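Both complexes shown next keep chain A, but they swap its partner, so chain B is in the first and chain C is in the second.
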Partner chain A sequence: MILFLGRKLAGLVATVAVASLVIFGALYLAPGDPAALLAGGHQPNPAALAEIRARYHLDDPFLLQYWHWLSGLLTGDPGDSMVLKEPVTSLIAARLPTTGLLVAYASLLILILGVASGIFAGVAGKAVDGVLTVTTTVLMAAPAFVAAILLIWVFATKLSWFPVYGSGTGFLDRIHHLTLPALALSGGYLAYVSRITRTEVRAELTSDHVAAARVRGLPRRHVLRRHVLRNAAPPILAVSGVTVAALFAGTAVAEQAFGVSGLGSLLVQSAARQDMVVVQAIALLLVAIFVLVNTLVDVLNAVLDPRLLRERS
Partner chain B sequence: MTAPLLEFDGLRVSLGERPILRDVTLSVHAGEAVGLVGESGSGKSMTVKSVVRLLPGGSTVDGSVRFGGIDVGSLGPADLRRFRSRDVAMVFQDPRATVNPVRTIGDFLTEVLRDQGVGRAEATRRAAGSLAEVGVDDVRRRLSQRPYELSGGLLQRVVIAAALLTEPKLILADEPTTALDVTTQEEVVAILNEQRRQRSAALLFITHDLELAAAVCDRIAVMYAGEIVEILPADRLHDDARHPYTKALLGSRPGTVPPGERLRTVPGTPQSALTAPAGCVFADRCPVVESACRDLHPPMLSVGSGFAACHLLSEEVR
Partner chain C sequence: MKPIMLRTPPRAAPVAAAVCGLVALMALLAPWIAPHDPFAVDPLNAYAPFSGTHPLGTDDLGRDLLSRLVYGARTSLAGPLVVVIAAGTLGTGLAVSAAWFGGWFDNLVSRALDVLFAFPGLVLAITVAALFGTGFVTPVVALSLAFVPVIARVMRAAAMRERNLPYIEALRVQGFSSLHICLRHLLPNLAPLLMVQAAIGFGYAMIDLASISFLGLGLQPPAADWGLMIANGQPSILAGFPQQSLIAAVAVVITVVAFTAVAERLAVRFGGDVR
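Moving on to the complex of A and B:
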């Protein structure tokens, strides 16, 4: 187990390290001169340009620039935004709670509704299964921005149940504001998790050990909980983990559509402004969260099914 | 003679239009061991599964299976559960597939007892006792292990321990040694038989191995294409076998020819209830077939120490 944890942790660090190089390299290669952008105007003053270049180390070789950036990150100072002139840390800190709440909200919807409907479709008869299959197909096919527009139109404009715009203040008000974004964000993922759950439950239901458990006279509920769901849990958990991890990146669309001030919308706006320092920091943060959630899921799965521990050892 | 514990009475099972069992009539008395032998696809498994109503979806059942005089087919859900939980136990072919791979041996052994209302400590104590009785050592550690940590033979012992734990009146064993290493097969069967004798539980034992069946069982029933073609006492198997199919099976054992020579086989390929002829099910492969065999279904006749269904015996009987 300790060996397993060590291996997972090493993998996590390695993945984030490679991702940091890729993120930095991609934006280094991206067209446009950040110095000219920062100086503004058509004919920037050469002295001002040189001053900006020196300040952001823009003339240094690539690896040296990367090192500047990385050492800043490691000491907890990823630098200041080029456009907003604020520390990136405070920009992110101000928006992280909102995005975190949105992701948690959407995750709960995905896990509760997705897994529950999947189990229901797996266990119930053909009619229920058919209805749920059609529903999940529609949900999977609809992109988040289409769902967002539809939700705004029905629940915000026509019915006025939920606000159209903003993040809200105070916990309940925030939940109220984030309901439509969370719904728009979770739709496709929810359908995906529901499908996977259905398939896994079906597979377990027809397995020999479940038949054997039935023949032993165990009650249906017991067989469902201890044999079907218990064994279907690892793959469902793995898919749910990837889904929840991907939600952080998915917030970009939902936050933009509903005018929620979070990490996703900051990423989109910063990219549009070519605010590289902010884009790099957020991109790396998203990667780190993704990898972290996946590692947690892997560890949890190994606890559920210890066979995973010995597979490569 | 007392009423049998288990009775198959003209049991016919079909899946849609396809017949699987054509006519199974057999009884098992309390404490008796009956061996069910025959080639693959002859319906041995299906016969045993029909006892606990573990038949594939969409199958129709005619005739009846009675346990203690009660038709198993008429049991409601609660009674069926009770019957499965307390009166019978099943040992399957492959313990790897039939024991939940992610739960512990202790969970597997105690879950039925716990469901019957036995306390956790008491259930664990009884599980440990049962494991020790089937020759598993280091019992405490085994209880917290998972199936993948045990060898196939050891795991099948666990399954046997679980079957004995609920003190069933009847144990159904569906080729319990086929998935095991040859060297552990005999051991496992010996333990199963010894333990069930001590508890005077009846046994319905499926196997391909005639010698094994003869060693373990009191009576042997030979199945072919969804029918029982011969029933006889196990100790008379070699001397009293009358049905051509039983004789052919006995003739195809490795011991019947000198070492180095080609083994004899039953000519043709095994048939299922669907492909077998309308008259005698064995007519297509029978070395002594006559014209009547193809058209008329032979009745079960009392011959010598047993029963056989063959036209050629009818004159002898008369």
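Moving on to the complex of A and C:
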């Protein structure tokens, strides 16, 4: 187990390290002067450029510059946004709670509705299963921006249950504002988790050990809870975890469509303004979260199913 | 990447293939099909309803929506096509050489692909857009890179299996060069699988590119592009005119579903990973 954890941790650090090198190095692949890029795309005066050169050690060798940038990030000082004239940390800190809440909301929707509807489709009769299959197929085929457009259309012009713009203030108001973005973000993944759950439940229901449990006369609920769901859980959890990791990358579309002020929309707006200091920091943060959640899912899987430990070592 | 599983029934395949063909024809013949100039602004005729002259109505600037939809098929299809061709070529090249040479080279390629895999495609595309500016080429190049590991992983596993088959050994014994065996024997046998992977990738690439356009980091107005039309029409929805966004959204969904359905049937026939 310790060996497994160590290998996972090493892989995590290596991936994030290479990712940081790529994100930082990309600045030098782009045409033009890195100082001008860091200044926000447009041509600043020579004095400002010189200041940026000194601030970001641009006259040092590449690896030394990278080290300055990385150590800045690790000590919690990735620099200031050149366009907004504000520290990147405060920009991110102001938006992280909103994005965290959005992802948590979407994850809950995926786990509760996805797994519940999947179990329901697995045990229910042909008609219910058919309806749910059609529904999940439609949901999977609709990209997040299409879902967002449809939700805005319905809730802005037909029903006014939920606001279609902004992030809200206070917890309940935020939840209210984030409902539609969370739905748009989770729709396709929810359908996917539902489909996987259905397949797993179906496979367990037709297995010999479930038949044996039924023949022994165990009550249906007991068989479902202790025999079917227990065995179906690991693959469902694995898929759900990977899904949650992907949600962070998907926040850009959902936040931008609904005018939610979060990390994703900050990334998009900073990219449009060519505010490289902010883009680099958020891109690395998103990749790090993505890799971290994926690693956690792997570890959780190994805890649930210790056979995985033996197979890999 | 958000997976799409349609479980296409066999009899739906011809319909899906026909839809793909129609959309492609629409893109190719756009100048002859479109009833109006897609860029002709007519403010007095903004938000026109469905009519004989404007079958799908007009947008907020009075531009004919059917013409913009038809022209939009061009960039909306060309982007994913370039992505799957570029990623397919690069990914297969890497996969076959890694499987062929094995050893440290294979290790290096596999690790590099793992790292690239950790980059969500959209985040990579946004970062690249910030550096190289918006437009058609930048997101296509970024997504091509993001798709390389997806295709290379599947192709490498297949190339490994193929490499250990007796016919490769037989060719080697006959003294054919590695290059000859790879190009003339190994690759043709991998071609069906590559076709399946490319067809699957097409739908995903289309969604990602449309997302980038939607975010304003791809093609810029007044270009006629489906993702851009969805974003441009968003303010009009609040004014009660959802046509522009809805029409473009329907076009994206139908095209993605059609290509994915064809891919699923191809995967059933030739094998391959549908996700």
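The rule is short, and it goes like this: the second predicted complex is superposed on the first by the 278 of 313 C-alpha atoms of A that agree within 3 Å, B and C clash if a C-alpha of one lies under 4 Å from a C-alpha of the other, contacts with A are read in each partner's own complex, and residues count from 1 in each chain.
As a working rule, a residue touches a chain if its C-beta (ideal position, glycine included) is under 8 Å from a C-beta of that chain, and two chains touch if they have at least 3 such contacts.
These numbers come from a predicted model, not from an experiment.
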Return fit or clash for chain B versus chain C, each positioned on chain A through the superposition. fit
Counting residues of chain A touched by each partner, does chain B or chain C come out ahead? C
Between chain B and chain C, whom does A:D305 touch in the aligned arrangement: first, second, both, or neither? first
First (chain B), second (chain C), both or neither: which does A:R226 touch? first
Between chain B (first) and chain C (second), which does A:A272 come into contact with in this model arrangement: first, second, both, or neither? second
Once both structures are overlaid, what angle do chain B and chain C make about chain A, taking C-alpha centres and a multiple of 10 degrees? 90
Identify the partner contact of A:P31: answer first if only chain B is touched, second if only chain C is, both if each is, neither if none is. second
Name the contact category of A:V215: first (chain B only), second (chain C only), both, or neither. first
Look across chain B and chain C in the superposition and give the shortest C-alpha distance you find, in Å. 24
Contact residues of chain A, present in both the chain B and the chain C interface: none
Residue ranges of chain A touching chain C (in the complex, touch as defined): 11, 14-15, 18-19, 22-23, 26-27, 29-31, 37, 133, 137, 140-146, 149-150, 152-153, 156-157, 164, 188-189, 192, 195, 246, 248-250, 252-253, 256-257, 267-268, 270-272, 274-276, 279-280, 283, 286-287, 290-291, 294
Taking the touch rule as given, give the residues of chain B at its contact with chain A in the complex, in rising order. 52, 54, 80-86, 89-90, 92, 94, 97-103, 107, 111-112, 115, 146, 148, 162
Considering only the defined contacts, which chain C positions touch chain A in the complex? 1-7, 114-115, 118-124, 126-134, 207, 210-211, 214-217, 227, 230-231, 233-234, 237-238, 240, 242, 245-246, 249, 252-253, 256-257, 260
Chain A contacts chain B in the complex at 207-209, 211-219, 222, 226-227, 230-231, 234, 304-307
